[in-house]
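Each chain carries a letter (A, B, C, D and E) given by its place in the written order, and its residues are counted from 1.
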Amino acid sequence: MAEKVKVGFLLLGGCAGCEMSVVDLSEKLVDALEHLEVVFWAPTVADVKYNDLASMADKSIDVAFIDGMVRLDEHIHMAKIMRAKAKTLIAFGICAALGGTAGLSSLHTKEELFQKAFKNTPTTDNPDNIFPQPSCLVDGKYDLTLPAYEDKVRTLNQIVDVDYYIGGCPPHHSHVGAAIGALVSGQLPPKGSWITNGKAVCDVCRRNPAKKEGSSQHRTMLSKVMRTTEGTPDPDICLLQQGYICFGAITQGDCGGSCLNVNIPCRGCGGPIPGNEDYGAQALSTMGSILKDEKATAELMSKYPNLAKFFYRYALPSGTLPKKM
Amino acid sequence: MAAINLTKMDKKEVIQKVIENGGTGITKCIQCNACASVCPVAKAGFPLYGRLLFRKLQTGHFEEIIEDSSSWACQACNRCTEICPRDAKPFEMVFAFRRMQANELAISTSAFTPLMNLHATGHAVYSEASKDLRVSVGLSPEPVTSISSEEAQQEMRTLLDNSPMGELGIF
Amino acid sequence: MAKVGVYVCHCGSNIGGVVDVEDVCKHAETLSDVVVSRQNLFMCSDPGQEIIRQDINNGLVDKVVVAACTPRTHEPIFRKVLEGEGLNKYLFEMANIRDQDSWVHANDKAGATAKAKQIVASAVAKARNLQPLEDKYVDVTKAALVIGGGVAGIFAALDLANMGNKVYLVEKEPSIGGVMAQLDKTFPTNDCSACILTPVMVDAGTHPNIELLTYSEIDSVEGYIGNFDVKIRRKQAYVDWEKCTGCGACADACPAKTPDAFNAGLNNRGAAYIHFPQAVPKKAVIDMTHCINCGGRKIGSEPKISKKTGNPILAPCEKACPAGAINRSVAVDEGGRIMDVKVGAIVVATGYKVMEKENFKNLAPDSPNVLTALQLERLISATGPTGGQFLRPGDGKKPHTISFLSCVGSRDERHHTHCSRVCCMYMIKQAKLLKEKYPDLEIYMHFMDVRTPGKDFDEYYTGAIDMGINIIRGRVGGIDTLPEGNLRVMGYDSDLAANIEIDADLVVLATAIELQDDIKPFAQKLSLTLDGSGFFKELHPKLKPVDTPVEGIFLAGCCQGPKDIPDTVAQAKGAAASAAVPLSQGRVRINPTISEVNQEKCSGCGICEPLCPYAAISMIENVAGHPRARIEMTQCKGCGVCTTACPSTAIQLYGYTEDQIMAQICALTA
Amino acid sequence: MEFVPNIIGFACQWCTYAGADLAGNLRCKYPPTVKLIKVPCSGRVKPEYVMQALAQGADGVLVGGCHFGDCHYKDGNHKTKNRMDMLKSMLGDLGFDPRRFRREWISGAEGKKFAEVITDFTKELIELGPNPLKGGENNG
Amino acid sequence: MDKCGMYLGCNIPFKAPDIEQSFYKVFPALGIEVVDMEGATCCPAWGTAPSFDVDTWLAVSGRNITIAEQKNVDIMTGCNSCFGVLSEARHMINHDPERKKTVDRNLGLINRKFQGTSEIYHVSHVLYKNIGVDKIKENITHPLTDLKIAVQPGCHILWPSEVMAVKEKNSFFPTILKELCQALGADVPHYSKLNACCGMGAMRSTDQVRSLGLVKDKLISMQEEIAPDMIVTTCSSCYLQFDGAQKILREKGEIDFQIPVFYYTQLLALCMGFDPKQVAAISETPRDAIIQKIQGATRLVN
């Protein structure tokens, strides 16, 4: 038996959902562990300190999975250490790859966010205006520090060199399984690629109008726009066709179209189809194309008043223009 | 009549004034004469109506015609507007000219009585004699209009006093 | 690595007088992949072209950038140079430093020079990414379709047929002839319209290369230049045309009554009718929407049997037909019969209609004595409802005073802003014809202005004045109806500067020329567009007046805009000549700057499919059973709308690829 | 040095590009700020190109197409309008000054209009000053 | 619609109150509640504010409309001129956002706000569209048998049709008033100058001679072509002109006939049996004979 592949997991700013997907592999994970050796899994599984990772030998981890976005100076610090320790580094899940939903916070200043989170939410009671500080002296003697908050959210590849990307919020466990399979077998695409089958959600979606029986089925232009709170979509007809803005056409379909199966339009967590650099710009372009007329466009713009948040739901920090700003 | 030297007429300024006063169709008029052909002002024999008035204005004649009272004979019947093939709204042009005249106070004195009435009672047409007439047919001496409401009259005066008409000092 | 040659043109002093060409040349040399940068007084001259030829020949350059004027005029010239030297002609890019630089920035030489450098850099950036493209060719079906059997369609068909092409001439009415067949005489020569048109109609009807398909409509048009697949719906005539001799007995026997469109509704015809006496082909049809099913017998039902005689009771039309061409017991398909034809080119000659008087509420449209000019045409025609007797419809009295009103619905923003072009002349014609025949008639003509721009036209007009016809400048605003059917025309005489009233017995409205109400869906079938006035839009108003945006489809006659008979015939012959070009070439070139789907990248989302204005995109199944998009190259026009929309970046527009445009953006922001 | 805005114009070859050529024929004067990238139809312009140009430091971006009804490809410009209207709105959402982006219909007959649009756009961009993204990478 | 804001204007309440009284009689009897518009002013007449300043005009008209809006009713006016002024003003306010802003600002001075919820109708529209000729026929007790009417629809109710809530099928050959009169049993033949101007309004005050010229032409067209028993109009201005001008023209010797003049609801009230002393009491041109013909000898004005 060949030597086991040494893997590490590191969570930056995120919910650990991506790691839950690994756990969701259940017995398959047990099988995989015959070939894998987890040498680092923090902070989700093991309570380790910075130095535990820093003290490992460079390139001693074969494959590192980093999930979550980069928001704190601690994230930057840890990502850089992990990069040094890993032979192959994977941006695991849409937050690490493109910034994720939390990336939308870049549309607000740090001050606005603090005000909202620590002051203005209805359930917050903060009469003394106490906000997190990177360091503070407690009782005049304990010099405590917190990780500092960066001005904006960044993707992993804006901090370190990334070898592979996996989309999804979280990645579907079957997608994770396939990725691990590829790792173990060494059948990896060229460096810098997404680990994906490369096809859109539409390709796996049973509702795709082009897949319907009989050649009379065609995609049609959108004359109305619906929010998911309006009406109940027909479970058999393409949601986009019904006016529900579904991003299935623009999004990697390694999830198997799970949202579509429960009548929810795709919101784009899979990330762009390889070849597309800018998810939001392409989403805008594609939707702008399929809207029938000015009326439908105006309807979309009135129902989704902030288009940046709509089109860049998972991808804002990776956008061409946003990342520069 | 001597030849008119059109190059010396201030066409732009007059046209601009007409537009500002609501005669936005002035540059659209092509002198087809459809408006004139059905205009009561023309039919009654007034000298300055429809297309002729518009031509005068298009060519910068304003001072020359400012005192002409034909425009005040316009019945506002709007038949011209209904048929104008250029959708130039001839009626609006006549009224724009009227407004230009009015703002230079080039109006007949008979126009002042209704204005004073309007300011005083809220009604352009009013006479004390109406009270007896009303009673004779079984009505109250005064209708429920502004004539019987000091508050309504005050509102009317507020609107008029705060308007460009108020600035003309006619009230 | 590309070897880009940059050639900067002085264009005499056009560029050189403003832009520092030397400086631009030097700058070009600093750009990546640029191997040589040269200048010449006139790059498009022979010596200029020679410089490029030599560099290509010497293997020095394999991509060419010429910085000169606009590619819209000069790109073809330089592409030929590349082609001549065996280099793919699409490896060429132009930098427009004259029209968009030196000419507009003559007052800012430094600015113009700086801009020229950037424009050249952008062109070089694109050139570095250019790929060779191959022209493609498809074979042509040597047959033409002419839609519309008026004078335009007839002449186009005849010319195409005489050149040896098979022609299908489709006409929706039972006979060809169009509006010209309805006219009495024609200006400015006053020839009898029927006399000059009928022989030509017969020519078309008997030409061995022309297949006359009257009482037929276009169901669908698919395909592209050289290979159009056309479905023609042959409407059900309910008369067996193989047997019909055109005797007219059925029409005489038919008791139904419906306004006769050929006579502009002035009289009635039966449901069984012959279009007009000189019809080609002269065949009867039964118009089922107006058939009253005499004897309670609908088409396709068996006749009742007479109790007295035991014989079937036939309908009057059946009984009257001596040729046995009418058999109402035969069940027939109301939709008609679809005929498939394949043609290489199409001429659209669908003609026009005149506006109905009901549109003009101020002009007493309800009065029977207010006529459209086309109605008057029928009223004075020897084949018209009165046999040419000039009697007014209201009461059959002979009119003494007539008012003609011009520009009714034309030059009117409530209806049509265009000038209908022929009204002035045909009104003068009608007035002259009437005045010649009835010198006592008092004729008034109300014009906004009289437009007679044609050979012998103004002489024709002044002749009318000489005859004593009253010309009045001023548009009519209204008509009052007087007792006994007379009309008070309220006009204005600009020269008198006074309102005028004319008590007329008859008023004639020169109503505007417009296209038929159902023209839009028809235009969509052919992918043609209409212009602001509602006529078919030509490809270029001056230089491509018979071409359309759809290659292989051409326009003739009033469907493209109002025109008189000589102009219509001239355009028809022009359209025929243009349509004959691809037919005689035998094959047509397909521009390679079109879009293609990379099937490997396509996700089958189908977003592109409904976007294509030419329906060139279809979804096909790949081997794994997944849908994938495919673009029919012969239908693609290369707009790139699908390329922009494709979320899988699977569609490439050759000549305007992603990397080429991105390279230009980078160059311009460098 | 005086600020000269850099405008990248995407111009459809049938209308706006031809209009710019006509401006040349008519010798209309306008500032040398705009550089056109010729595209077959304004419907070929990806919103991403506009963002790319702005991200790389162009001070202004113009997308020029045909008037409605004039599109050589029937309705490519309708797609342009839908996309570019949304883009303009999204630029604002992103906190980028949407005035740096214009979508104009300029026909092949409107040489004068082309010159007027560029003159006006240039004036506005001078008031706005240089694109704040110009120059230094602010990439991570 | 079962109720309507009664916009009176000036001519009707102060010069022809018998018309006003006829409204109060006929509309409730035909099922339409007449709602008072307290504090309503002049529309304002064309010769006043509209001749000086568009925004002042729109503010005054706008104010009148807000009175109906507060009561949640549409407006019904008996004067063509008021109908024209209010309809045009409403159209302009609704279609020109800049004007709307100014109106909002001006009405703000008197704490009012233009909503655009109340439509403008003419008395004849309510009679024709909401009540209908059939209901009118059912409710008349004194039909106009063997009587001939020349109708005068007036101009401000016809043009510009674009701004009006109710339009004639052909505004140059109107039929609404004709059909309303036919519903009363009268013969209503066409005469050629049907939509010629009566000469009232601004022209009458500018140049009485020329104004009378127009009404004379019109009267002669009526008399010579159809010799009517009466003239019926739904315009209070036309009513005053036809009634008053005939007297002057006769005195000048320019005409030698006289035709009684009625406002339509006066005639309708008579046909429904209401007291002429209340609904048709005031006129320059005598109407007694015709009233007697309609209601019989028992009912005379004097």
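Keep this in mind: a contact is a pair of C-beta atoms (placed from the backbone, for glycine too) under 8 Å apart; a residue touches a chain by one contact, two chains touch by 3 or more.
Everything quoted here is computed from the prediction, not taken from an experiment.
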Remaining chains grouped by touching, subunit C not included: A, D | B, E
item	value
Of C-E and A-C, whichever chain pair has more C-beta contact pairs	A-C
Identity of the chain that, by mean CA position, is farthest from subunit D	E
Farthest chain (mean CA position) relative to subunit B	A
Centre distance in Å when subunit B and subunit E are each reduced to the mean of their C-alpha atoms	21
Inter-centroid spacing, subunit D versus subunit C (mean Cα positions, whole Å)	34
Length of the line joining the C-alpha centres of subunit A and subunit B, rounded to whole Å	69
Distance between chain centroids, defined by C-alpha means - subunit B, subunit C (Å)	49
Sites on subunit D at which at least two other chains make contact	46, 52, 79, 83
Residues within subunit C bordering two or more other chains	362, 478, 611, 641, 644-645
Touching two or more other chains - residues of subunit E	171-172, 196
Pairs of chains in contact (touch as defined earlier), listed by label	A-C, A-D, B-C, B-E, C-D, C-E
Residues of subunit B defined as touching subunit C within the complex	30-39, 42-43, 51-52, 79-80, 82-83, 85-87
Partner subunit C, residues of subunit A touching it in the complex	198-200, 202-203, 208-211, 218-221, 248-250, 253, 272-273, 275-276, 282-283, 285-286, 289-290
Residues of subunit C that touch subunit A when the two form their complex	601, 603-607, 609-611, 619, 626-627, 641, 644-650
Contact set on subunit D toward subunit A in their complex	46-48, 51-52, 54-55, 78-79, 81-87, 89-91, 93-96, 133, 138-140
Subunit B residues touching subunit E - in the complex, by the definition given at the top	21-22, 40-41, 43-46, 69, 72-79, 81-82, 89, 91, 95, 98-99, 102-103, 107-108, 110-111, 114-115, 118, 122-127, 130, 133-134, 136-139, 143-147, 149, 151-152, 155-156, 158-160, 162-165, 168
